[in-house]
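The first chain written gets the first letter, and so on, giving A, B, C, D, E and F; residue counts start at 1 in each chain.
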Amino acid sequence: MSRTPPDPAKSRIARTMGRAKVLMEAMPYIQEFKGKTFVIKYGGSAMADETLRQTFAGDVALLALVGLQPVIVHGGGPHITRAMGQAGVEPEWVDGLRVTDAETIRVVQTTLAGEINPDIVRLLGSHGAMAAGLTGIDGSLFIAAPRDPKLGFVGEITQVNPELIQRMVAEGVVPVVAPLALGEDGNVYNLNADTAAGALAEALGAEKLVYLTDVEGLYRDLGDRDSLIQRVTVEGLRELVASGSVSKGMLPKLGSCISAIEAGIHHAHILDGRVQHALLLEIFTREGIGTMVMP
Amino acid sequence: MSRTPPDPAKSRIARTMGRAKVLMEAMPYIQEFKGKTFVIKYGGSAMADETLRQTFAGDVALLALVGLQPVIVHGGGPHITRAMGQAGVEPEWVDGLRVTDAETIRVVQTTLAGEINPDIVRLLGSHGAMAAGLTGIDGSLFIAAPRDPKLGFVGEITQVNPELIQRMVAEGVVPVVAPLALGEDGNVYNLNADTAAGALAEALGAEKLVYLTDVEGLYRDLGDRDSLIQRVTVEGLRELVASGSVSKGMLPKLGSCISAIEAGIHHAHILDGRVQHALLLEIFTREGIGTMVMP
Amino acid sequence: MSRTPPDPAKSRIARTMGRAKVLMEAMPYIQEFKGKTFVIKYGGSAMADETLRQTFAGDVALLALVGLQPVIVHGGGPHITRAMGQAGVEPEWVDGLRVTDAETIRVVQTTLAGEINPDIVRLLGSHGAMAAGLTGIDGSLFIAAPRDPKLGFVGEITQVNPELIQRMVAEGVVPVVAPLALGEDGNVYNLNADTAAGALAEALGAEKLVYLTDVEGLYRDLGDRDSLIQRVTVEGLRELVASGSVSKGMLPKLGSCISAIEAGIHHAHILDGRVQHALLLEIFTREGIGTMVMP
Amino acid sequence: MSRTPPDPAKSRIARTMGRAKVLMEAMPYIQEFKGKTFVIKYGGSAMADETLRQTFAGDVALLALVGLQPVIVHGGGPHITRAMGQAGVEPEWVDGLRVTDAETIRVVQTTLAGEINPDIVRLLGSHGAMAAGLTGIDGSLFIAAPRDPKLGFVGEITQVNPELIQRMVAEGVVPVVAPLALGEDGNVYNLNADTAAGALAEALGAEKLVYLTDVEGLYRDLGDRDSLIQRVTVEGLRELVASGSVSKGMLPKLGSCISAIEAGIHHAHILDGRVQHALLLEIFTREGIGTMVMP
Amino acid sequence: MSRTPPDPAKSRIARTMGRAKVLMEAMPYIQEFKGKTFVIKYGGSAMADETLRQTFAGDVALLALVGLQPVIVHGGGPHITRAMGQAGVEPEWVDGLRVTDAETIRVVQTTLAGEINPDIVRLLGSHGAMAAGLTGIDGSLFIAAPRDPKLGFVGEITQVNPELIQRMVAEGVVPVVAPLALGEDGNVYNLNADTAAGALAEALGAEKLVYLTDVEGLYRDLGDRDSLIQRVTVEGLRELVASGSVSKGMLPKLGSCISAIEAGIHHAHILDGRVQHALLLEIFTREGIGTMVMP
Amino acid sequence: MSRTPPDPAKSRIARTMGRAKVLMEAMPYIQEFKGKTFVIKYGGSAMADETLRQTFAGDVALLALVGLQPVIVHGGGPHITRAMGQAGVEPEWVDGLRVTDAETIRVVQTTLAGEINPDIVRLLGSHGAMAAGLTGIDGSLFIAAPRDPKLGFVGEITQVNPELIQRMVAEGVVPVVAPLALGEDGNVYNLNADTAAGALAEALGAEKLVYLTDVEGLYRDLGDRDSLIQRVTVEGLRELVASGSVSKGMLPKLGSCISAIEAGIHHAHILDGRVQHALLLEIFTREGIGTMVMP
């Protein structure tokens, strides 16, 4: 009965039907995740490569637009190193760990809050998202104590006050959080961004905790690229950590994954941030990419 | 910098990026139309052909899911004719118009409210939309007077009470409206579905009024298929109607388009309902399809 | 001290004082039941006889007006039988039960949703109530599975989603519900209206569940009209059912009464719908009429 | 079809149907006035006679229960005179008007706020209404200036702050207001209760302003009891006042009626408070009793 | 760097800095108590002495202004005695306790509700607080039974309905409560104001219960003024009462303190109302004045 | 009557009464300004001197605590100059104005958002205020166009979107705003902080716009310190500007004052930020300090 209309519009219509099919396939995921909070640790290549930056921002803006609630926590490693070089600050070491003295925390704060954070807010804004930047100092989001006196202003989170974030999220704003904390002594402390993301996900009762990394995911055998793990339980993760088969930089992420899942977060993900639209791919397809940690 | 991961996942990722691109292209339209109401007159092939029914329902569910507010008004021509035949009701004619006597309005009501309307609600529900059916009698949505005493229970709308619809829409429900009215005399009246859709769009202050028809759009010259009109102003439409170059069945639609635009609706559309995903095509691409009426 | 005014107005004033007395007597019941939900199964003579229809509608409109929250669930027996005859559908029987095949469910749906339901909505509207009709398909109110494969589209309720009803009730709308369900397989199913009313009362946490029937109430001894039961506990009811002294048509009502009371509904009532204003009589007098089931 | 049930319940049912009829007749008035505010000046016999006190309280409680919003302003003439006698306060006169000196205003306040007001609150409470007493001092409801320096603490209203009353009314509380005012000089002032009721009705945008008096209504000719006026416009009222055919005690009422109607109140009423249930009679019957002032 | 500006303004600025310091010192207390309810029993010298009345009113107005929620319960001893004398009511005694017969409760009501209560409301209003007076009869705040049939209308609280108070407090209004109760028999009853304050504090879940008295506080040894107790636990208080070292008039206060603390009130205070600004002193300094009862 | 209690507590009580007097004097100002927004430009000595920083933060925290709504806009002059020196960025000049090239705007952003802003947030937090930092980029607060192509990234505000600020203020959060803007071209632009404060005050419909400066106020004659102006109208200000008797750095402030007053802001103030508690002094005393601009 639906007689086809004449030629001129045909190819356009064919194209449209392809598009419509894609939109239709996204529907069940939007239905499932609408109104749910996703804490996304943003860093690595996804933050360094211009193309990946643009696709990341588009992904986040789309998620927010269709009703999901992304919250971004970013790191700042390379920028800070560069800024410290420019400022001529010499790193000092104790037991193989870098000491964050007053001068260093100053550079860290300036770079995180003054450079990286506004850039991400602007990037998201240019894709149509209503974003707002904050540090863990705003509204006393993160309260911290010194992790080790010898390390200086490196903080261990002792309290999370997520009210300000919750209000923003409820208003459709995408919060972009720099991993600083207000010390119990009134000073600024630097946080491990992976840990901060995990703690925030817990405090928010997030649906998912997502790490954008520069690896494909977890390997059962670090040397064997075919041993990529797609799904792992908290118990499995503990064993993997115990086995020593995990790179050092991955440890805070895995600790946070374990802690977050135990605190009731549904899923934690280690994604390959080097893949364009990794976020959409993970959230909008059933198989997903990278490694998923489950209860 | 974003080193490509190894082969196995490659094609999946390529496919994803294509998908992501499509989703990205839909963003500006979702941003523009979020929270806006679309009154869609549903009928013709789009209601008769099973494939078109499914794609229509998917389109409506997707619109609702991403935050647009579709309201469906349906007709019932062929079903009613068939039902009258089955019921053995003989149509009577006055001045070339069918008389809607008590027996006929009974069949009309039964078919619209009992057959067509629940089927559409069920169809939308099966695509994940929270839909609810109502007739113009519910909550006194449409109040009508007899259009012509000789025609019996054929109504002319004298009042629209859209509160019930507005509450549903505000709750994320998709209203599906059968074109019946409560007569000022307490009887049920039949309405022209095209006119009912237009009156409802006006009362709701809708963003768009959309007619799904069985034609490609309006032609400047009825005999010349190359004379399809893409955009026309209200004045142009008046001239077209005055020129006589419009088929009789199209007249109520065009009258409603003129009236709706004059009442402040931004755009009215005559779409080809025989094209799959005509709704998405119209709403999610700038050029659109069919004929658009503008102020 | 209150000197009586002169004659002319006297009889009018006497009449008024009588009226005022009646209104005063209704006060404690309105105070007790304000804001409480009453699920009323409507059927039998109260739905067939024109005078009873009018008094029923007036009663419901008054209840809603003074702040009680009536919800109507209607049946459709005689209408459906008549409609099946008109449509020439031959009933088929399995083990003494009528089979509801595809053709039959079509007639059932059309009659319930297209004939009976809009008529009740219109009737209530003509008494000033803001009513709205829906079927168990709208908003997925009732989800059902087949009761017995041999019986076809006869449903057993597996889930009740009362949100849409709750929103309507909160807005002062009187919902009128047709006993259809959305099957888990996507098909339409027919429900026993008595059972549907009970399930809805439970899901709504209703104050009362009221059955308008064509009997005076329950009899302790079916053959003895003097054995009418005014009050009975759930235990008493179980015994009565076990004793066999209950007519077959009454069984679904009694089962629902038992289940509703156990689910926390305060009272269930078997009323004689052949009495004008039976609803007012029951709700606005302490003794009430018919049989009341208590915890 | 609706076969009558057997005898025993018959008379009870007949009685019920009479009741139901009365309730039905009240419906259109409840529908019309639901959510509307009625300022009722309470005084005279209705406040002195015990039977009339009880029927008045019942009427007010019923109005509040079915959704109307009564606000009571009471006077206190006889109580104050009696209290002044008991306190041995000698009235002083200037130009034929009683002077309200410091001692007098003390007695006035004590009697209004300490005697009459709590009694009315208690009376209403005993009929199930949630009532709360206040004076024009509470929440600075009435601000006043001296009406005439020679008269002492007799106030002329210069400002009405109805917020506290509006909040109470919105919560379903019946405010009972004593006609005192906070002077601009910080002292307490006595107000004419009729004027206070009118000013409050204006400030609240009331639907009706009702005076319960000890007369049947207004007479066109004071000496002729057959000249009772049922309806009069503001212009007619002005003429009546100008004609001198109005008793002195009626003047503040009529002035307030004129002012209230001009300020947009729909109707003002002079009722005979000596008639039991005069309020119900006026509000729940179309003809009403007493005299109605219209725009 | 902050060069001092020239002379003329100097002394003004010095004065300001002193003020600023005072305001700063109040901050932590405001922060701690914002949004918390304080039930204050008002009576004795603080109610009799004009200077103390003004400083009390200023204190309450300031507390309300900066966000604390004071609720005042007042007594009326001396006024009532005086009023009874004026009214020529002879007190009658049973077992050493004064009998409150019908005539007496009338004087009590008139004095509390008509004299004392409006005066306090006006006093608070003159300091800018939005105050409203009520008795325990309004909104059925206090329901009482006779304490002892021989004593007449002396009530024992059997129920507290604090809704009306809660609504006022939520709106920023300061409730001023006269210690009357609605008897279960419909009569007015007189309450001990100390007990009423305690019961109200419990019902409101108040932060503090404060008694303004005419003593410095509790003494460990009634004869030794150096034995003033600054802090005491509920157990300590019980022992003190048991030891007999407490004056009779203090007993209801202490009983209420014990009961309130056990019901979850954080602190109860016996303050010296003869000290100007005793309330501010207690609430805005850590050491406080008078005796504090703790869990 | 209020007998003085014995000695020991005397001096404490005397101290308290002094304090109470100060608190009382602040009351009328709190009453007047509660719920009103104050946009405060923070800079100069008040931001550089540690003592002044602490008293400023205390003042802002107190204002927020008692219900006023302060919004802080800060500048960054000296910090930026220092940071540019550290970064080795050589300032370039065009027509006597510094060019803000890409490198410079980078330093500006980093210093404002990364250094100054978090420090102020932390400072306020340490005084108990719930503060949150943002730049004009967050939520697209300030949209700007280039002021002069030759000057590079120096912005002229073309749009203010104060929604995010309004939400924060409504939640009791103190927003701290860095004067950056999102360019219409997507780049970051630097704003004059004085102008940004004025534009924000206008967009918020603020009660007052306050400039904390390093001068005592405006002088009628720049060379004569006795010519300090206490109050000036917009017209007077225009004349003053026209007379040339205004220092260059003061011009943006004065232009903003004129524009703000014309846009409906009630008062604008030029305060001497070198005076401790200048804010409290201005807001909590009638005479105030510095120069007040009025309509």
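We adopt the following convention: contacts are C-beta pairs under 8 Å (C-beta built on N, C-alpha and C of every residue); 3 or more make two chains touch, one makes a residue touch a chain.
All of these numbers come straight from a predicted model, not from anything done at the bench.
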| item | value |
| --- | --- |
| Minimum number of chain-to-chain touching steps separating chain C from chain E | 2 |
| Cα-superposition angle relating the copies chain D and chain C, to nearest 5° | 180 |
| Classification of the chain E:chain F interface as same or different, half of numbers criterion | same |
| Centroid distance [mean C-alpha coordinates] between chain C and chain B, Å | 35 |
| Geometric centre distance via CA averages, chain B-chain A, whole Å | 43 |
| Centre-of-Cα separation between chain D and chain B, whole angstrom | 55 |
| Separation of chain B from chain E, taking each centre as the mean of its C-alpha atoms, in whole Å | 67 |
| Residues of chain A touching at least two other chains | none |
| Touch-based graph of the chains, sorted into line, ring, star, complete or other | ring |
| Direction chain E, origin chain D - full chain order round the ring | D, E, F, A, B, C |
| Touching residues (chain side chain A, partner chain F) in the complex | 86-87, 106, 109-115, 117-118, 121-122, 125-126, 130-135, 137-140, 164, 167, 171, 173, 180, 182, 186, 188 |
| Of all residues in chain C, those that touch chain D in their complex | 1-6, 9, 12-13, 16-20, 22-28, 30-31, 34, 45-46, 48-49, 51-52, 55, 58-59, 61-62, 65-67, 127-128, 216, 225, 272, 274-277, 280-281, 284-285, 287, 289 |
